[in-house]
């Protein structure tokens, strides 16, 4: 019984956004377009955590693991195939398999939120060390040298499906990434409105009750975790495509923290929130990078603490609740319903 | 030959550390039977329910549902075999509407359209239609209790366990709950845990008394309420009324 | 034969370093059931304190054994009063706040000291086993780890503070019935955990490259150890450090240190699948 009004608003908003994405190259210069492209890829990553945390109730502190695995899988596959189409598919499959394995051990073990957060964070740290150690000729997958801390340069960027000689221009890559963000947003919206989505929300709300009604919470949580891995991996592929380069810093603690901050600022339990949070923080980090006085970590940390203490719900849900209570007040002024059963 | 009972426990026992919360309980329930389960606080009634629904694994002994051993099965597996429970503290989906709570429960066995109809039907039966669109988290304790009963009914179980369904209700509401239970009992078996003896008298046929985790007596409601041991156990608490 | 002694020493030093880098985290986890994500930064602050004290002319032993724990312990108390106390009962939010704190500390340290590596010389020389050279500092760390465990045990077992701590571990509401203000307990816990981390950081200073981001190098292992050990402070810590230190060093010896870490992690994940409450949740329930 999804809220059809909300879906309508989302569709109209998405249509307008899509129009903006397609026409942007006409009035935005190339440098800014490149900037927007990476923002859009990051926003997809934000959606992946917004989905599993905000709707699935899964506290993942290491979402960058799947992002990084997707990025590396894309780079390695694209170098080997010389074509981006299979590489994109592999960039989704690899993180999904990894999420399935990791998720199985954590979710079927029945560990607490605190443990899950810490373990997922640890995974990203260990992947960082692991990939960092792959310098030298020995570490090769097919034609792709992993390159250790130097990363993989010269990754083939996205081409037209079926024609590997037609490489997308930066403008086309922007349109692709921007539309991908909108598509992922709508896809997750539809998923949340589906029976599956209702059930994962029910499990988030009360796992015991869901189990007592015959739903196996572990299966649904694992699937949610895997979907999050898929979306993050896809974002990783688009991110590599932006810079034609990937290095182990993609697994670093800084990015893990940022993803969490995006979702905290934007708000859990909405999809638009994480996108807003991501865009705000990315813009802020770019601005901080331009000055020398304050360290970016310092500001990010202060923002995180500030939101946890003062706006724990995040921007989007806070605004939504304000609007709702305003509407409620107007309504209850006109009619007082009898709500006794 | 006697028919296979709907539910049967054999030597069912659970211990926490040194405490035996449920002690070698042999319990049997026929199809479509209505049984009341009483006993003082700490007698092990809620723990017994947790063992029946898989929320706790037994330390010893077995639970059989229509002859099938379900001891140690997971809650969702037992639920799918047709056991529904209203827990003592309401377990509901707070951020969802009343309608959605019931729909989720119905959707487990039915397609979306039918689930909507079934949820609607149960809301009418439980008089929840007026609050269908309200978020359950904002409702009163009594209303949440009704919503939980609604989700249990929407799952269409053959056996329903109700843990203190009349707690915190007004006199009228208690009477309605009793009527409802008798109505449900036309199709389904129930085990009802309750402290309110007036309520027990309204619905009970056979009563099982638990004391310190073990079955003290199991008999016709009048016999049980007049039993000396039962009165001692309760120390006259509400029993004389 | 020599190689066996060296591997044996490696295992002992591996276990000792896990004990040291995880102890402060374990104290806070055991008492407050949260993972302090600023743990690595507490270690880092301990190391910096030692470096700064030494360069100010203070004896290195006093710097790392006395000044580092006191300074970082005080920082812990301040953090608890200014931040953590507002989030009691909100486990996830508390962890997020400590993550923010971690970033703030890294940022502040970077702004003050810059992103360059500093260090202090090891105060102890080396020794030889056959053809293998080893530092005396390694067995010294092992001795310090043992002393730290003994200290925690004595405090927990024989002092009033330890009694209160044990009560809180069993049941947080019990502190109140003992006539103790829970806020004080948490403040003391956070201070003690930070002080132990400061001590560990000070002890690591001679063997670590000290930069504002150095904490990241230690937290993965510390997290694994504490999560694997569970909420019982002493027994969880000792069993998990023993098990994981052994696995890590053997794996590192057979492959590379990085794979050693990966194997350690896989072992921990399998362990968590089998014992979701950690080792102590299964075998040392309700113990120290």
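Per-chain numbering from 1; labels A, B and C assigned in written order.
The rule we apply is simple: a contact is a pair of C-beta atoms (placed from the backbone, for glycine too) under 8 Å apart; a residue touches a chain by one contact, two chains touch by 3 or more.
Source: prediction; values computed, not measured.
Undergrad: Could you tell me which chain lies farthest from subunit A when each chain's centre is the average position of its Cα atoms?
TA: Max centre-to-centre separation from subunit A belongs to B.
Undergrad: Taking the mean of each chain's Cα atoms, which chain ends up nearest the overall Cα mean?
TA: The most central chain here turns out to be A.
Undergrad: Which integer distance in Å separates the CA centroid of subunit B from that of subunit C?
TA: 49
Undergrad: Let me have the rounded angstrom distance from the C-alpha centre of subunit A over to the C-alpha centre of subunit C, please.
TA: Here subunit A and subunit C have centroids separated by 32 Å.
Undergrad: Can you check how far apart subunit A and subunit B are, centre to centre, with Cα atoms defining each centre and the answer in Å?
TA: It comes to 43 Å between the two C-alpha centres.
Undergrad: When you check subunit A against every other chain, which residues touch at least two of them?
TA: none
Undergrad: Got the subunit B residues that touch at least 2 other chains?
TA: Correct list: empty.
Undergrad: Can you tell me which positions in subunit A touch subunit B when the two form their complex?
TA: Contacts found on subunit A: 1, 195, 198-199, 201-202, 205-206, 208-217, 269, 337-341.
Undergrad: Which positions of subunit B touch subunit A when the two form their complex?
TA: Interface residues on the subunit B side: 53, 55, 74-76, 79-80, 84-85, 87, 91-97, 99-100, 103-105, 107-109, 112, 116, 126-128, 130-131, 134, 139, 142-143, 146, 148, 151, 155.
Undergrad: Which residues of subunit C touch subunit A in the complex?
TA: So the residues of subunit C in touch with subunit A come to 33-35, 37, 83, 86-87, 90-93, 95-97, 99-108, 110-111, 216, 219-220, 223-224, 227, 256, 258-259, 261-262, 265, 268-270, 272-274, 276.
Undergrad: Considering the complex alone, what residue numbers of subunit A touch subunit C?
TA: 59, 61, 102, 104-106, 108-115, 117-119, 121-123, 125-126, 129-130, 132-133, 252-253, 257, 260, 264, 294-305, 308-309, 312
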